[in-house]
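For reference, the structure is listed below as structure tokens.
Should a chain be cited, it is by its letter among A, B, C and D, assigned in written order, with residues numbered from 1 in that chain.
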Amino acid sequence: MPIDIKTSFAFDLDRPTDLLLQFQAAAIPEQHIIDSDTWLTKAQHIANVPAQDAIGERIWIRADGPYKVDYTATVEVNRKVADVSGLNRLDPHDLPGEAVEYVFDSRYCQADRMHTFVDDRFGKYQGGEKVAAMRDWIADNFTYEAGTSDAKTTALDTFVERRGICRDFAHVMISFARAAIIPARYVSCYAPGVSPPDFHAVAEVFLEDPDLKGGGSWQIVDATGMADPAKTVKIGIGRDAADVSFLTTFGISSFRNSTVEVTETG
Amino acid sequence: MPIDIKTSFAFDLDRPTDLLLQFQAAAIPEQHIIDSDTWLTKAQHIANVPAQDAIGERIWIRADGPYKVDYTATVEVNRKVADVSGLNRLDPHDLPGEAVEYVFDSRYCQADRMHTFVDDRFGKYQGGEKVAAMRDWIADNFTYEAGTSDAKTTALDTFVERRGICRDFAHVMISFARAAIIPARYVSCYAPGVSPPDFHAVAEVFLEDPDLKGGGSWQIVDATGMADPAKTVKIGIGRDAADVSFLTTFGISSFRNSTVEVTETG
Amino acid sequence: MPIDIKTSFAFDLDRPTDLLLQFQAAAIPEQHIIDSDTWLTKAQHIANVPAQDAIGERIWIRADGPYKVDYTATVEVNRKVADVSGLNRLDPHDLPGEAVEYVFDSRYCQADRMHTFVDDRFGKYQGGEKVAAMRDWIADNFTYEAGTSDAKTTALDTFVERRGICRDFAHVMISFARAAIIPARYVSCYAPGVSPPDFHAVAEVFLEDPDLKGGGSWQIVDATGMADPAKTVKIGIGRDAADVSFLTTFGISSFRNSTVEVTETG
Amino acid sequence: MPIDIKTSFAFDLDRPTDLLLQFQAAAIPEQHIIDSDTWLTKAQHIANVPAQDAIGERIWIRADGPYKVDYTATVEVNRKVADVSGLNRLDPHDLPGEAVEYVFDSRYCQADRMHTFVDDRFGKYQGGEKVAAMRDWIADNFTYEAGTSDAKTTALDTFVERRGICRDFAHVMISFARAAIIPARYVSCYAPGVSPPDFHAVAEVFLEDPDLKGGGSWQIVDATGMADPAKTVKIGIGRDAADVSFLTTFGISSFRNSTVEVTETG
């Protein structure tokens, strides 16, 4: 069942400014881009560069004045989705090199501060069951509430304040997993069912993959409960939200508006 | 002129524990490992994995009881060292994909909080001159003082408290560079002249390389003034200190001691 | 030359809620309240209690629905204003008991983190000259910019970010003074010349008073440069902004608007 | 049953330095000082000043070289101790002026960040029952562990890290109470049963006093469970630990050692 995506956002620049955009569905094996169109306001410079871990692309722009992005895509998601509770954790010493950086702390995910809590609360669970218990605990104890967090809000802040948006839920989920030495990363994505419709973010954890002898694979975990992993279209990944904004302005921009529509076509 | 390295460190584990070690000179084009020997206490599991950006290796260990690491190496450094003041900055939109993550914030480097200061203080300088001005400002305004910082200390803390060790100086340098949208990363290294002798850390910034038409390369910047870039032996790199510790214990270890000797043979 | 004050603010409560108001010119020796009128929406409970250090009053309200406060006053300020640069500091051991709490850290003023900076930058100055140097340094290095700080912003944040509003300037000034062991407190006030017109805040420092053999008195210091100490009408004082808000709601209120007019009558 | 106190602490100063000491049992109605002796190394200047809210005294010292304090006291505690669970809370608008500052945030107690958690977790309890539930929750969820916190550690840190010492337990208890708009303050004290024997700290909350028509009184709450309120000898009180250290050095001191013995004589 393909997913239809329609995005538009606009902003103003009052001088020539460098921008980084990352809003397109990533062309990766688990996602087949059936069709996609991107309209960008003309600019002095436009160049695509591979994004983190070669998942998706970033677009460098140098532009001035009003700027607008329109994007439509139809994507078939072929992701192998497992029930995380049924998966084992890989022992740290079995983690492949490329997963290691995702057990380390990052800008918004201070896992080092949460070891005692994570051991006390989730120590009795193993592997994927632990991840599921973390996800459920966040869902039970946090309120999804727009306007209660901002770009400075970290997982530690959210853990104390017990509220936030998808970005904040993902940061706490990632921090908990890393505190249990399970690699976890941040995924910006499109997903049907997100309410109100907007760019979405979820966590991904690296657990043993029964199909890969001794190896692991990434599994989506959404503590907000809004996204279905089987229908989530990934844009890009990173250590946390610092790495995958749909718009990073290296200068000053005035944001005008954005719309996001994600629907299942049947 | 080869650099001789002799390192030893020991710690105790009171149960089977996973460890990550990263202490060996990285085998990279700019460093020729003439000779090296590593002695590790026997362990249940030992496996090498590539480290961040394939610079150097990490060693996964699963061990129990007393553990000891001994390492000697002789390394010829063939690094092309430039005077950073003479180099240009690449415009953000000309940065290659792999350098982009190093303009983003990380655990210990909150560049987003330092834009106003960096613009006010260093706005008049361009490119490598700006980097040199940042380095000199840190050298002038910070006191190198062991025991004033710990594993929680961030660039923001150090900026306020005006003192710390190599790790803290590097974090501030990296944050300043990123606030000026110059990619910057953290380098753990061995360097003669470090006093007292110890593992060392410096920053690296990505600036235009006159030999690479429109491309850039990484240049070492040490705000402590202790390391000579031409004689610095890199172990590994990362976003900041969260990524490249010589010893990361996934559990509890009692550190016993470490010694580091780095000398120029000639 | 009397100061005319006209204030109005309104907010909505959607259930019976307790409020603390503190907006009236304090009746203290240095201020003669020539005339004043306060209109409060009727409420279930209204009671005045003395405010911190008996300077001014707080009003407890229990109310519901739309609420409005109107206040006018004409105040003659008879404050003895000294040029702080000409005053001596009292040695810590000569501080009276009631001034001691104002050398300690408070919610928004982490003076303990700023000792090294304050010693390095202002160590060469003594007493009131040191205070003046701090005030001038803040004025030179910080940008007054509404919307860049919020209720969570501390002196440490502002010191890093180099911008903010009167509240933030006062917090940094207070922290610097305390780091030099000069008692400093936060003063909410009305002052002509504040632009845009609004409730204002300044710091006060406790320095030797030449008229009081071995004793000290409080002197207003405004790092924003907007308030003239001789024309500043104090509302109340506290350790920092946590203690003297004009409106503290113990529950949820929707703020509608406020206006403040302060003029010199001639 | 009198309490015997025996304290000694020593430190070195390498130049003439101002100090503030606060280690003596407070002479307040609820504590009868049967007998007490204080020996202080001779100093250039020694002066007593009243401590916060006139509870106990602080001693200003100006001294140089080795310094030693010895103190013995026998104190009869006549405190009226109530079971806090049986007490009502005063409505905010019924709080007397002098209790108001203790609902505000302070250096180590960021109650403003904990409203959501406190409402979610303790919202179902009223008055003193709420205080008891907070105390029990802290006792159940936090580990008493020396060396896990330091002078920078705040209630927010401790809430995340779930461990600390008496100071940290008191800071979290105070923050929770204030988030529920119950005045709470920090009490430094001597108490038998503290293990290992040391200076101790507890919280005090302001609740309705059945003997005072509509008024309130302070009740000791110790989330560590070590101190019996009926046998706790108060030294002083403050907003938090920033206000009541037994030794505050305005300069540099090398701490040598301290001993504290508190016993019930029978």
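Worth a mention:
Simple rule for what comes next: a contact is a pair of C-beta atoms (placed from the backbone, for glycine too) under 8 Å apart; a residue touches a chain by one contact, two chains touch by 3 or more.
If you're wondering where the values come from, they're calculated on a predicted model, not measured in any experiment.
The minimum number of touch steps separating subunit B from subunit D is 2. Between subunit B and subunit C, two chains of identical sequence, the interface residue sets overlap for the most part, with shared numbers making up over half of the total. Between C-D and A-D, more contacting C-beta pairs join the chains of C-D. Measuring from the averaged C-alpha position of subunit A to that of subunit D gives a distance of 45 Å. Separating the CA-averaged centres of subunit C and subunit D is a span of 28 Å. Taken as a contact graph, the chains are arranged in a single closed ring, with each chain touching exactly two others.
Interchain contacts (touch definition given at top) occur between A-B, A-D, B-C, C-D.
Within the complex formed with subunit C, the subunit D residues making contact are 18-20, 45, 47, 49-52, 58, 60-62, 91-98, 100-101, 103-107, 109-110, 112, 151-152, 181, 238-239, 242-243, 250. Chain contact summary for the complex, subunit D toward subunit A: residues 113-114, 116-117, 120, 141, 143, 156-157, 159-163.
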